[in-house]
Amino acid sequence: MELSFYLVQLLNAVQYGFLLFLVASGLTLLFGIMGIINLAHGSFYMVGAYLAYWLTDLTGSFWLAILLGLPIALMVGYLVERFAISFLYQRDHLYQVLLTFALILVFNELQQILWGTDVHGVVIPEILAGSIPLTDNQSYPIYRLFISAACIAIACGMYWVIQKTRLGMMIRAGASNREMVQALGIDVNRLFAFVFSLGVALAAFAGMLAAPVDSVYPGMGENVLIISFVVVVIGGTGSIKGTFVGAMLIGLVSTFGKVLLPEMASIMVYALMAVILLWRPHGLFGRAA
Amino acid sequence: MIDSVLRTVRLNKSFGGLIATNNVTLEFERGQVHAIIGPNGAGKTTLINLLSGDLLPDDGEILFNGRNITNLPPNKISQLGIGRSYQKTNIFAEFSCYENCWVAAQSRLNTSMRFFRPARQLKAVLERTERALELCGLSSRRDSRASAMSYGEQRQLEIGMMLATEPELLLLDEPLAGMGSEESLQVIELLRRLAADHTLILIEHDMDAVFSIAQRLTVMVNGRVLETGSIERIRSSQAVQEAYLGVAEDAV
Amino acid sequence: MADQTQDLIIDAQGLQTYYGDSHILHGISFSIARGETLSLMGRNGMGKTTLLRSLLGLTPPREGTVKIYGQDMTGAPAHKIVRQGIAFVPEDRGIFPNLTVKENLVMTSRSGPDGRKDWDLTRVLDTFPRLAQRMNHMGNHLSGGEQQMLTVGRALMTNPELLILDEATEGLAPLIRKEIWSVVRQIKESGIAAVIVDKDLNALLELADRNIIISKGQIVYEGSSADLAANPEIHTRHLGV
Amino acid sequence: GAQAKVKVGILLPYTGTYAKLGTNIRNAMMMRFAEAGNMLGGRPIEFVDIDSEAKPAKAQQLTEKLIKRENVDFLVGPVHSVVGMAMVKMARGAGPITVIPNAGADQLTGVLCAPNVFRTSFSSYQMGYPGGPAMIEDGHKRVVLMYWNYGFGKQVAAAFKKSFVPAGGTIVKEIPTPFPKVDFQAYLTELAALKPDAVYTFYAGGGAVKFVKDFAAAGLKDSIKLYGAGFLTEGLGAAQGDAAEGVRTILHYADSLENPVNQRFRTAFKAATGSDADVYAVQGYDAGELILHGMNAVKGDTGARAEMIRAMETAEIDSPRGKLRFSASHNPIHDIYLREVVKGENRVVRVAAKAQDDPATGCSM
Amino acid sequence: MSALIRSMPLLAALLALVLFPQFGSEYYVGLLTRIIIIALFALSLDLLIGYTGLVSFGHAAFYGIGGYALAIAFQDASVIPLWQALPLSLAAAAFAALVIGWISIRTSGIYFIMITLAMAQMFFYFFFESPRYGGDDGIFLFLKPVLMVGSEDILKLDQENNFYYFALSCLVSSYLLLVMILRAPFGKVIKAIKANEHRVRALGYSTSGYKLVSFVIAGTLAGLAGFLEGAHSGYVNPSYMSWHESGVCIAMVILGGMGTLYGPIVGAFIIVLLQNFLPELTEHWQLLLGGIVIAVVLFLPRGATSLYPRICDLIRRSRRGEREPQETADD
């Protein structure tokens, strides 16, 4: 194949990497930073997508839908944290596994009760609807550029908050020793409720942004759940930079895997993760606990 | 030629740019209590970690009874008869005091890959466990959950576990830290008794204790061995006074 | 009368504290006034730490009251109590392993309840130069003593009215230990109160205005340093020295 | 006294990706029964309705429940082919009369065929085979095949090749994509580089929406014609929007089929359930019809099993899809339409295959 | 005495299970067989999660491999001799566990969770996309294993009741095996590894060896469960190995109470029975299931089985409560 083919594939890979980071960003916060094993991540993503669909339908504007959807997602996160997760911080991580596993069931049913079982789509907002020609017969949709931009913004924002601000320090500190943080005069419960809500909102936000290029359907969260964990783990928990690199790496490997080794396409990502963890047992940028 | 149990030859270990042990060459004589002192961050714990296999040296050699043990994993080193206690309490928090010592004692079986006979029936292990509990003074707390014991008691348990493995050489990283005065005295007494038929390498900031039980002293500063020698010599050494002890009255 | 309670930073009465089913504190009453330096002694496992945790709300007492500046804060969450101007150096140090030394220090730095800001990063680093050399190291990569300095430094960074030190000199080299005692002396002079748990009896007797000895969850002795120094049989009985 | 009830066991997915299919099938079947006064051959009906979750691992357990515990007279289900195989394996032979209202695996009326097993939907063969000639007729000779790489997708692709290659077409490349993944970008770039006349695809549900949208977004619509098995656009008009305009698919049904049965059916379904009918509803409706037919033939006597089966296999149903008969292996024989999406609607272009049958490979009955 | 009281419910449950086929209909015997098989699967995982501290999120791989080994080797056979099929399945699962375990135990914590997940996913996709082994359609078996003595099949597994007793005896013997292992020196070591692996190594144990052996034992028992499931249902497909299956297995272990051997069994009963009967109540049964699981997590921190000691405790307390005034008077 000619060079342009590989260039376009490279673009696809980077694009896919951005999308993966976006999708995994909520999980980075909840799982990577706060250390909560959140299997309901996909459900929050789904909630976001459905909110985008539903609110766009109601208001007629995608942007308005995002604006209205985010507070709802924050609220959902807050309720889940207050009434469930907050009881588990002192316990073995496995209870989080079980609880969030159960949350998947609950959210799936709630979704069906609220929005039914149809497959939906969200129309790309007018201003971002165009596309840029790439080769003689292929073009690149502007909306994808927008997603990439959003992803970069989120990545930088998260990096800044987590690594550079006192809030970020408190969050990291709280993940390792809640009691000590409290003994230093910080309201850990409120802090965690807030951060958890933020993580949920991020997951939902990813779902909202992805809705116009994806489809909105029952159980859609499952598709992003495992891959999000893979992204975070490859990068190493606790590191935003790691998640970003992990996402890019998976974007590359899976895109070129599909082209060069199509029979192995499904296995590729997992093989990559296994190899990386064998090489660096705490992920690329993770630190030993 | 002294009869040395353990010898290190130009041991080096650095973390990133920081050299934590710098060309440490030391000899530990059989049957002696050899204390290592030095300011905080001097590299004492790092040295112990190298000796116990918890860390691998960048270069240099460690010889135990003439055998090169430099790159052996901690479990092998332990099996050769080097026991250690940790500066930061390192026990099985959810186990009872007794179980903690049991697991330690059981490690001296030829193999614990035994699936059939209940462990409880192992006489030898039982005796070792009891002895260790007795020695560290926790016989009366045998059934308490380790996490429910006070900090000082946990420190005692830390030593008890090490004893249960019946080591020949004991690496003690601040065994007295966190103990009350009375317990300290007990432990010092215990160490003195152990010194009769063991070799002890002792890190301790409690100078009274050091001077009362150690025969030899090594002073480390910034990863380097500043001085090694008999108690009296070190005590009167000007360099040591400055680097570590401060005013003399503290040392008395 | 009202003035007097106002002057007490902590005033706790009849504390009964349990861990699950085990009864640890048996009706301890405890108070500390502004600017007072208090030592807390007792053998291992007698309940010193438990008392401190009860006061701070980390292990809330099942019975009894805790007043902070005259205000009843029994059962209040720890962070509210601490925010009244108390800093706590726990015996297990509680360093955040995933934060750098600098982050550990600045994370909760704040000025005191009355706006005082005696302690800031510069002063803490001046006091513990070792920390300055380790600014970008991770908390769990410090030596034991360095961690100890870090917790003390971190506590000072909150500019407290009351500093609680639970075995703060454990594992410190003699020089640094002296440094800590001189810090305590300094803060004592600047009017900050302190509760100190330590096994260095001599240092305590020199520093403390008042001494409390706890045995089996009860206060068995309370008195001035002079009194305690004059009665060696008391330490022999309760402290074993 | 009152007649004993006829028990109809239903095993369909009501949760997860296939939930919509399950509900539409059930609702349409219930509607058909309701039209008949909720009587089967003079006997009232009792439903035992179970959520299959479309999980193969649970299929046997649930089927067993219907057969052994509930002793159902009829078994209707499922949607998912693999569930179907587990189910049919247990039901074939001595089990209840079984009607499959969707699952398309060839084996169900092939290797696993049995006198008591009927299908009112399609076989995967019927989803692929008529596609070949249809595309040749449209003038596309160089074609890429893209499909989800799982049992059903592979069967559709194989059937397509079977008709397309002998008719003079060339398969430029086969691109199986992992099921049920929906990141198609890399494959679309490959497709663009291959520059075929057209592409024949098998995708369904959320994946289909994503594929059609991605295909359009990559700007491929102008240069490569998109074809597929009907699920590519069936019932997805609203979700796909403009992206689907001009996409051609083959299916045994189209919403706009202009026969009176269809018109009546669609209005009734909308009235009864509030949602629009689709091919799944039609299949459910016909499943109801088939059961009704059998029961009426024996006047409700479920003991007359042979007679009932004979009546069912010779049934000629006036389905919303048009005429529907059954092959010797109990697979439907029906017309296959070539459809194109125009203004969000699947409009019939022409009949792609008249009375399309299925070879029933491996069936000995 | 108290040990006897504690094991009373266990013995009673065993008795009930042994007698069940005398009363239950064929369907329920079949259902119970399935639960017993799943319980065995959960039990095997508990050795890892509850005792060794290795949280495997890929345990279903061995379950699947046990089933697939049987199906692949005997799909076209005219008889399935148990004494060939069973060892084959166990060996296949054990070997897979050895390989996966060898790779995985190099990591720990959540990284271990994820690497075991990755390994299982690779197996899943391998079978899912392999044309040789039936792809996602899976493989059917039309025969049950036989144990021939002379020309007589002494097990007659094609009869539901017989299969039931076969599965039950597998569960009981696995249970006893684990009880024994956990009492033996090996058990002490793995429990200590769970509590503090670093310290165990410092005490002179080669922990990776113990972890690996534990992993292999658990994998083999899961393979046994997979073998039973494959033989019982006559059907294996890749969904045996899906992450869902591993997830549900973890759920059963925790729900019942990890770190006890009866916990996972109770957990299996609860989950399978709920899955079986809740759908009869409402179409939105998963909401109920989710709600129940969440309630257990929140209110029964040590799993459903902790309810029993709690109740005992409550009874004891209320009895003591009557006498309490006297005791305080003594003080």
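All chains are identified by letter, namely A, B, C, D and E, in their written order; residue positions are counted from 1 within each chain.
The rule we apply is simple: a contact is a pair of C-beta atoms (placed from the backbone, for glycine too) under 8 Å apart; a residue touches a chain by one contact, two chains touch by 3 or more.
On a predicted model such as this, the values are computed, not experimentally measured, just so you know.
Undergrad: Kindly list the shared contact partners of subunit B and subunit E, in label order.
TA: Neighbours common to subunit B and subunit E are absent.
Undergrad: What shortest step count links subunit D and subunit E in the network of chain contacts?
TA: Shortest path length, in steps: 1.
Undergrad: Across the interfaces A-D and B-C, which one involves more C-beta pairs in contact?
TA: Comparing A-D with B-C, the pair joined by more C-beta contacts is A-D.
Undergrad: Centre-to-centre on C-alpha atoms, which chain is most distant from subunit B?
TA: Most remote chain from subunit B, centroid-wise, comes out as D.
Undergrad: CA centre of subunit A versus CA centre of subunit B: separation in Å?
TA: That pair's centroid distance is 48 Å.
Undergrad: Please report how many Å separate the Cα centroid of subunit A from that of subunit C, as a whole number.
TA: Distance between chain centres: 43 Å.
Undergrad: Please report how many Å separate the Cα centroid of subunit A from that of subunit E, as a whole number.
TA: The computed centroid separation for subunit A versus subunit E comes out at 32 Å.
Undergrad: Counting only residues that touch at least two other chains, what does the list for subunit A look like?
TA: Within subunit A, residues 108-109, 112, 266, 289 contact more than one other chain.
Undergrad: Scan subunit E for residues touching two or more other chains and write them down.
TA: 125, 128-129, 286 - these are the residues of subunit E that touch more than one other chain.
Undergrad: Considering only which chains touch which, how would you classify the arrangement: line, ring, star, complete or other?
TA: Other.
Undergrad: Determine which chains touch and list them pairwise.
TA: A-C, A-D, A-E, B-C, B-E, D-E
Undergrad: Looking at the complex, which residues from subunit D come into contact with subunit A?
TA: Those residues of subunit D that touch subunit A are 14-17, 19-20, 23, 175-178, 180-183, 185-190, 192-193, 195, 205-206, 209-210, 213-214, 217-220, 222-224, 235-236, 238-241, 275.
Undergrad: Within the complex, which stretch of subunit A touches subunit C?
TA: Result: residues 166, 169-170, 172-173, 175-177, 179-180, 182-189, 238, 287, 289 of subunit A touch subunit C.
Undergrad: How about subunit B: which of its residues touch subunit C in the complex?
TA: 15, 18, 37-42, 44-46, 87-88, 148-153, 174, 177-185, 205, 207, 244-246, 250-251
Undergrad: Which residues of subunit E touch subunit D in their complex?
TA: 25-28, 30-31, 34, 125, 128-129, 131, 135-138, 140, 233-235, 237, 239-240, 242, 244-245, 275-276, 279, 283, 285-286
Undergrad: For subunit C, which residues count as touching subunit B in their complex?
TA: Listed in rising order, the residues are 19, 22, 42-46, 49, 91-92, 130, 134, 137, 141-146, 148-149, 167, 170-178, 199, 201, 239-241.
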